[in-house]
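Take a look at the structures listed below.
Same chain, two partners: subunit A is paired with subunit B first, then with subunit C.
Then we have the complex of A and B:
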């Protein structure tokens, strides 16, 4: 019977093309609005490194001023979103985790040897060697640098795939040198394509931006006194000069540890508690010791509001709009079905039960929903493309994957069937006797 | 075949009660051809709707082919309607978007026959009303008389025991009406019970029995008993 119902539905659509188009469009526009917002929301909220996220913890260190404590937008207690040089270096040196990496972003001028390439500004992440294995960063050629290289302040660098393509046409460039801000660095490795959903390891400096173009040892950045190219927060003046900047409580670095299980996390947090006690004893603020802890990656992203409130609102509005569109589509379906009251009466007379008619008209709603889904899918793709153009930050996330694509179709069909329940019920309850006499 | 005993049909609104049928008692035997006449608003169509299970009566007994329909659910009533009753309406009630094949197919779809059985029955029914070669035509391509023949073919396709006809010639000119009436008589001769509501007394006289309804009641006291009727064509019909 279902095939028969689909055939009747298609006939019905063809019979009233304008009304049918309006319904499909109403559903399509509603679905596209909701799905565009939902896609961005879901991708923003998705686990950026699912294979390792349960092992990764951000170092949250509350070194902030007791008089003006750091808080969230609602005044809730929160450790600063970055850590100071003093804490970063101390925690890295302690080496209490299975792996640990501290880092910050710098900007250097790339000076290509090739005459056809002009110098350009390159974003570079200065970090410790565990960065690569800890975050499962894939290499196409070579690898990162060793702890010994870091200690020795070796002028070594890892290039992103894009940077390697730009400078070396994608060839294996390991062992070659590049010039960055007037100094040569030897290439130790080239990354394969690495584009996590977001730059989870540094959400304070454009979480949706692309990863950096190159990576260099932290020790070299310190030696060259490279200032952060990202956010920098101080609650008092750091004073003049590099040394006093490093000695200040300004926060401008990010710190991560890898802890394989809950026991390791508990042990590390105990270590941090001792660290806080030591620092307090040394005269630093640390007025809210409970905020200094290893924060699980997902919780960290949540605490840092990686999914903006605007986005949540946009998604709610998107679904509210879908609801309005569905109400419209439902009204149109009702009008369409009731225009066929004579046919409904006749079908009842020849033996169709209310249940059979309900199924028939619900199938027709589903067919409209399926067409609405296709329209919605096209409009969603258009909407996401528009979003990528208008908001370059969303370039990496405003994309429809297979899961969202299927969700789009499922939502459209399910919601239009929902919108079709009342019209189908009304149609199946048409009094046949009246219609047969008046038809 | 059909037995109604003290049947009542009352339409109620919050202000008024309308008694469409009062103590309506009628028995129609298998193979009979009964005409139901009466002025407009007398309750003829209400009777036909109840007989055809399109409406549920308020009180009294109604049995069709031995089945008491009181209290039956919608599925059971629909199944009974589909299997035992065929309808013919004044305005044909064909679906304009479907060709003749699909129009006649309607009751068979709800019966659950397979494709081959449906095809056999559709072709046989359309052949029986003389339209076997026009299965792919649409209703709008036919005359009124032909459309009513299609409606009759649709009613017969499921091989019902009773044919309920509501003013089947009401929208036809006299020539077409005669043709349709002869077809209904032929169907009755082949064993199908026919109950026909009509305003036309001449047409009513061709039935074996004439039940006259006024104000929701049968007023012809002889109506419940079978009788021999002399037909215009000279044939005699008997119960």
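Then we have the complex of A and C:
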């Protein structure tokens, strides 16, 4: 039966080819606009590390000015997006979570031994060693360094795949040495391809940028007094020299903990509450104690607003546009079906039931939707390509995956069927006798 | 033309007319808001920077070694570049306007207002050649003397004796007085007012575009130790060639430090405004597609009505109606539907704007976007209905005599 309906639908569409084509195109344009926006939104908002995200928590520490919070969101105060040296090392040393990592980004000059390579600036993440197992970072060769290495300030380094290719042509370079800003480091490991959709562990300094080219022990970065290459934020002057900078309330590091379940999270938060009380007693501000807590990864990304407002705007207007296309399809389908009143009357007179006619016209709407989906898919691909060209940051984000492809078809068919309900109902209610008479 | 009969005919096609009116309403709501965003962002993108944009470029330098070594490297690089043909002037700095990265601090003219957020200022390190290199206009006071220009270590606090500020910052700090000669503080914390304003430049914008205080900048007579940007001004029209020559000459002089991030001012500016530009393109595309789709809906609907009413049109023509009257009938009908849509659309536009303002902190929609948007959709409706109306007018009176 459904095949018969589809055949009639195709005949119906071919009877008014221009009108049909325009309808298909209109639905296609509407679906493409909404889908382009939605794809970027969904992929920006997607879990960057789904296998572990429920175990990962950001350390939010509110050491900020007692008089003015660091920021606000929806009227409530926000803790700083980064943490101070004091809090980073204290929480790392406490070791109350299953794993913990504190980190920051630095910039060093890579000085290749090969004559044909010029020196270049390398972005390096200085971190404590739990970084690699916590974030499931894949190694091609070797591995990270131990806590003992970190304490001993071992000159050791992990290279990204790209860095290893640039310096060693992709060979296993574990055990070799590289020179960074006039110091030799032994390579302990080389990463396999690792490109999380978002640098979730440091959204402050370019959430959509590539991960760093290398990783080094935190203790070495401190010993060399390396300043952060990323954002540094102080609410009061840190004073003179490295020691007073470390003792200041300036925030420039990121901190993460791994907590296996809700109990562990509750225990950790209780520990943090205790930590806040201690710091307050020691004379630091900590005037908004509720903001110092372990924030679940997904909530953290949301709080930090990793989805740009411009994208939300595009999505709101994109869906409003789709709604216009839905009304438009409704208008055109109504006109199209009622134009065939004579034919409908005839079919009713020879015994077609209202239900059969309703089903047939709804099928015709769905066929329009399917064709619209096809047009929409092509236009979405075009829209995403355009968006990638306009904002190179979205190169890895503005891409269609299977899930979005299926949603595209579903949205197109749903839209046109929704638009077709009333016209199909009207068509199925055409009185048989009257229509025969007027013709 | 009497609207009575048109109205009663429309009321018998409530749903069809309602669908078109709803489309018009939504279209108006969307294009009013989209055009507002377009105008808002375009204005932002076109803000003047104060810099001689076409001739300036910047080179990132990263020397290695002790402070003494790196200072020597940077000064030798500066000397080399200043002597190259085609180079008008050059200086070393921490950051460039519209480069996306830089320093900011709270600036105060009195001890009570050090933390008010609208007293923020970008900090640019310059020497005596900074103003000339960037092409800034000194509107009061004097430039820095070479003797004032000192090295700044990153871990030290920034505490120069003299500063030059922008006119915007001067106005913020001293609304009713001349800023030159006044004392201010750029430390961002409680303390004495240690910096004397020696000059005021017309305009130089901050490195960031999303900042509320886009024109509040402070120039300090310092050179940054360690990684620095060498900013160069080329002779007019020679930037591309000079840029290449500078990069090559620097690498040729030494490979003991990195030369990276060679960018023209135009590239920096484009990158900073990239997302705003993208939004403008997206909004204009949506607006155009939307207008096309809505026009299409009107054409489809009107054509159907013309077909459906062929006999009635014939009768009217037979009873003496002119072609013009038939055209006007359909035009009036469309005008009635459009006006209903516009009435609803005005309310809807504010609902959409309210949602945007609430969710995204967007600005309130200025009222004049509504009449403009209304005019656009009204014209669109009349334009779209014209062809079907012409077709209706060509129905011959003889149709009235045919069949039934």
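Note that the second predicted complex is superposed on the first by the 420 of 439 C-alpha atoms of A that agree within 3 Å, B and C clash if a C-alpha of one lies under 4 Å from a C-alpha of the other, contacts with A are read in each partner's own complex, and residues count from 1 in each chain.
Assume a contact is a pair of C-beta atoms (placed from the backbone, for glycine too) under 8 Å apart; a residue touches a chain by one contact, two chains touch by 3 or more.
This structure is a prediction, so every number in the text was calculated from the model and none was measured.
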| item | value |
| --- | --- |
| First, second, both or neither for A:421, with subunit B first and subunit C second | neither |
| Touched partner set for A:26, first subunit B, second subunit C, both or neither | second |
| Touched partner set for A:348, first subunit B, second subunit C, both or neither | first |
| Partner chain in contact with A:391 - subunit B first, subunit C second, else both or neither | second |
| Touching partner for A:246 - first (subunit B), second (subunit C), both, neither | neither |
| Which of subunit B and subunit C A:4 touches, first, second, both or neither | first |
| Which of subunit B and subunit C A:238 touches, first, second, both or neither | second |
| Per-residue contact with subunit A, leading partner among subunit C and subunit B | C |
| Subunit B versus subunit C as contact partner of A:15, first or second or both or neither | first |
| Subunit B/subunit C common contact set on subunit A | 437 |
| Contacting residues of subunit A [partner subunit B, same complex] | 1, 4, 11, 15, 342-343, 345-356, 432-433, 436-437, 439 |
| Residues of subunit A defined as touching subunit C within the complex | 19, 22-23, 26, 29-30, 33, 65, 67-68, 107, 109, 111, 118-121, 181-182, 225, 227, 234-242, 245, 308-310, 312-314, 316-318, 320-321, 323-325, 327-328, 330-332, 334-336, 338-339, 386-387, 390-392, 422, 426, 437-438 |
| Touching residues on subunit B, where the partner in the complex is subunit A | 45, 49, 52, 54-55, 74-75, 78-79, 81-83, 87, 89, 91, 93, 95, 97-98, 106-107, 109-111, 154, 158, 166 |
| Subunit C - residues contacting subunit A, complex | 15-16, 19-20, 22-23, 26-27, 29-30, 33-34, 37, 60, 62, 64-65, 115, 154-157, 187-191, 227, 251, 255-258, 260, 274-279, 281-283, 286, 289-290, 292-294, 296-297, 300-301, 303-304, 307-308, 352, 355-356, 359-362, 404 |
